[in-house]
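In structure tokens below, several structures.
Shared between the two complexes below is chain A, which has chain B as its partner in the first and chain C in the second.
On to the complex of A and B.
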């Protein structure tokens, strides 16, 4: 059980940090940005380039990547999303998918289709029957710090108050003098930076490929749907619920339960859990789990 | 056998290989082996004076692209025979197509036992999984390992090889503790490797290739799994940490590298390409040579090539040694090598047939 708990926390952290950014932009701009996942992949590649090509230490490389990805998200907004601000959410969502496809092609053209790996030294840790690495610990701690920072920003800063005001009532917030366009730029920057961080954490734990967004897309969108679209805290809760459900399913030895050789549900059925959770939430609680349960939009 | 009609033009032979995408290096080695054979054949006068030309198509290691390549070669370029590198999941559909069109396909890389279902269409210059799998299972038991866990990709290659190796291992007194068939293309196989870690096997018997195998090794290292690895065709695995894998990774591979003819070809390869050849060079070379000899013997149409190939291999001794086929055109007595990965390279521990 300890191992399931550890695996769930690690995977949940990787998903949550990416999901936060989508919820953040959705809360104000009211559309699900598919390109956000590709921002995460770009963040992973940016960190890889800074770290391997320019020998920048991994922590600094990650910070630089966050700034780069944040600025990149702002740039895409200026080029694409600002020009279609008046379009329906469905239209913007489709446009974001187009942006994602374009970015994936650019990445493939620059870096090729083969996987890239971060070469980081790790040490194995065994606690209470669970096996994990120092890298896993770092990933979870960084995620916790990033979440805490987001919480402080949203709850205790003027910027956070302004963002929450825009999320609750955009027109009223503008009438009260909140500079909406500047705040939207900040929103994109924050969202992109968190995507860059999430993409880097995912990449250093696994690998980098231009099409790895396809593997991240489903769990991230399942997480924000479970937690409640546009609810930053819901995204984190959704990611953890999903991660625990997935890891429990693939960790049960069903073979031994019936007295046969060990047999586990193949890991590819993790996606089935995500799809099932998506369908159930959309059927029975389309607003997500946290809405009405104390979860507040930013 | 009637003499073949004299071709008025160069004779085209198709090549299908994954030149982009996964596992490119092995494909490129195979293609270079074919090109070296064509150079030798044309230098010796070609087929009755007509040179061989190659039409190479990229399968990108994807089924749809492999089918596109085969359709173009057989349907547009009208080649009578194609030589292919690719996994069984690609080779079998292409063999179906070749059979429908009445053409010939030479397999240089796939090893699913289902490939034997295309007699007269598909001929293999390397052995199928049941042979390599059996040798692998027996060898692991011979080395004193009492229990094993299997880690293979969930496809016809992986599961076919696992079944053959598991049967041989159990027949030799071993116990199979876990069989993990993973889905290809995942960014992480931690859960799969935890299954292996939980059963604490004496040895891990594996099949795999490309980035997936590298991720598998990386996850195994992260989980501190100490058991040695025994791989089928270890040269197609991608190794993550050479130091960690040193003296920990063993395998059974297609052999022949110690033959005199192979060593001469290897030396030529080094001189031309400036790198160490993989065994795929030799299988590509032999595939092209037996096709050319079949054309010389019986003619250049696909039916004539298919009819002549079994006769040709009876007297052919090439880069991978003497080839013996069963009545389906599948190789049954291949040279194999038992190898160990040490200090960044594979070293031969022994050979066998």
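On to the complex of A and C.
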């Protein structure tokens, strides 16, 4: 039981950090950026390159990767999204698919299709029947700090409140003198940096391949849909709900429940949980559980 | 030279043109009211002044500076404060945060500006930590005006301050507008459906018909019968072209 809890928290953390970035940009620009998943993969590779090729310590390499991915997201905005600022959200979403496919093939061309691994020293910890590693602890702690930092930024800082103002009422924010274009740059930088962090945490725990985007895409979009698109708290709540649902489902011995031999739902069905959750939310609460960029408290 | 000067302004939203070669100006110390029927382009005139519409031709000067091509946030920085009729506050932000955003360009004025806002509208002081979505329509309008004042504007643009408010709340809002004008000396350009209230307050009025100035005169010379003819004429024009918003 504790193991399910531990696994859910770890997986939920990785998904949440990536989902936060999509919600951030969605809240102001009103489109779901599919290329965000690629930003996460790029962040993973950037950390790998800094850490392996330049022997930068992993924490510093991750920080450098966040800055790099943030700047990269800003660059893509300048090249692609700024030029289509007044296109419909659907149009932007399709453009973001195009960006995603382009980045995906560039990554594959540079790094090849084989898996890369971070070789980090880690110790196994056992607490009350649950097994996890010091790396898991680090991942969860970093995630918590990143969430707290985002919360403090959005609630208390002048630019954070201004971002929420833009998300809430774009025209009024402009009329009050908030420089929307500069704020959008900040938004992309933050979003990209969180993607870079999330991608790194994901890759550290598993592996790095150009096609890990397929493992990230579905749970991240399910999480933001469950939580409410455009709400950063919703992204976290959605990621946790999804992660717990997936881990609980594959841990229940359904065979014994009906008095037969042991039978578990195969772990490949995790994605089916995400799809089911997505469909249920879209059917019964299409706006998600929470609305607005940090408008409603979790 | 007038403070705000709009010359031969043709503007609208996307492909839809609402203003048709409109001339309008506001001088220092003036309260100017724009009157007209629904769809005559009153609100569009204000939105064009602050830069929220698409301008086709003409130009807008503020304080002798050509602002025709400036985005709204730059116009705010020059001292123009606009209070929309609807969606006039950040509903998901608290009252305090709303005022903080009013002072976005003047962070050093935040504390003093908030005190001024609460003196002008004491009702807001009790609701500082509440999200603006919990406020009534009247309170929202007060908050929006207070927010606009934090910019220390040189010109206040008010879009139908009395719309959808109970009569006693209308009085509160208009008293505040008068106080703002008398104590702070801020010139005001006002769009108003409530003709008698507008005439009480304004020095000069424009009557708009189908996006053009049909009549311009000092407020005391307004002939209400003539106004009615213009309104009916304008109303017919608007009815013939549905889809034009006021």
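Methods note: the second predicted complex is superposed on the first by the 285 of 298 C-alpha atoms of A that agree within 3 Å, B and C clash if a C-alpha of one lies under 4 Å from a C-alpha of the other, contacts with A are read in each partner's own complex, and residues count from 1 in each chain.
Note that contacts are C-beta pairs under 8 Å (C-beta built on N, C-alpha and C of every residue); 3 or more make two chains touch, one makes a residue touch a chain.
Just so we're clear, the structure is a prediction, and the values are computed from it rather than from any experiment.
J.: Chain B versus chain C on the shared chain A, clash or fit?
T.: In the superposition, chain B and chain C stay clear of each other.
J.: Identify the partner contact of A:165: answer first if only chain B is touched, second if only chain C is, both if each is, neither if none is.
T.: second
J.: Which of the two partners, first being chain B and second being chain C, lies in contact with A:48: first, second, both, or neither?
T.: In the superposition, A:48 contacts neither chain B nor chain C.
J.: Based on the superposed arrangement, let me know which partner A:178 touches: chain B (first), chain C (second), both, or neither?
T.: second
J.: Would you mind checking which one, chain B or chain C, touches more residues on chain A?
T.: Touched residues of chain A are more numerous for B.
J.: Quick one: is A:233 in contact with chain B, with chain C, with both, or with neither? Answer first, second, both or neither.
T.: After superposing on A, A:233 lies clear of both chain B and chain C.
J.: Could you tell me if A:68 is touching chain B, chain C, both of them or neither one (first, second, both, neither)?
T.: Neither chain B nor chain C is touched by A:68.
J.: Look at A:188 in the shared chain and tell me whether it touches chain B only, chain C only, both, or neither; answer first, second, both or neither.
T.: Once the two structures are laid over each other on A, A:188 reaches no partner at all.
J.: Taking C-alpha centres, what angle do chain B and chain C open up at chain A, rounded to the nearest 10 degrees?
T.: Vertex chain A, arms to chain B and chain C: 150 degrees.
J.: Can you report the least C-alpha distance between chain B and chain C in the superposed arrangement, rounded to whole Å?
T.: 39
J.: Per the contact definition, I'd like the list of chain A residues that touch chain B in the complex.
T.: 3, 7, 113-115, 117, 122, 124, 126, 131, 133, 135, 202, 205-207, 209, 212, 215, 247, 250-251, 261-262, 264, 266-268
J.: Mind pulling up the chain B residues that touch chain A in the complex?
T.: Touching chain A: residues 20-22, 24, 154, 176-179, 181-183, 185-192, 194-195, 197-199, 211, 214-215, 218, 222-224, 240 of chain B.
J.: How about chain A: which of its residues touch chain C in the complex?
T.: Of all residues in chain A, those touching chain C are 158, 161-162, 164-165, 167-169, 171-180, 292-293, 295-296.
J.: Going by the contact rule set out above, which residues of chain C touch chain A in the complex?
T.: For chain C paired with chain A, touching residues are 50, 52, 71-73, 76-77, 82, 84, 87-93, 97, 100-102, 104-105, 107, 131, 147-148, 151.
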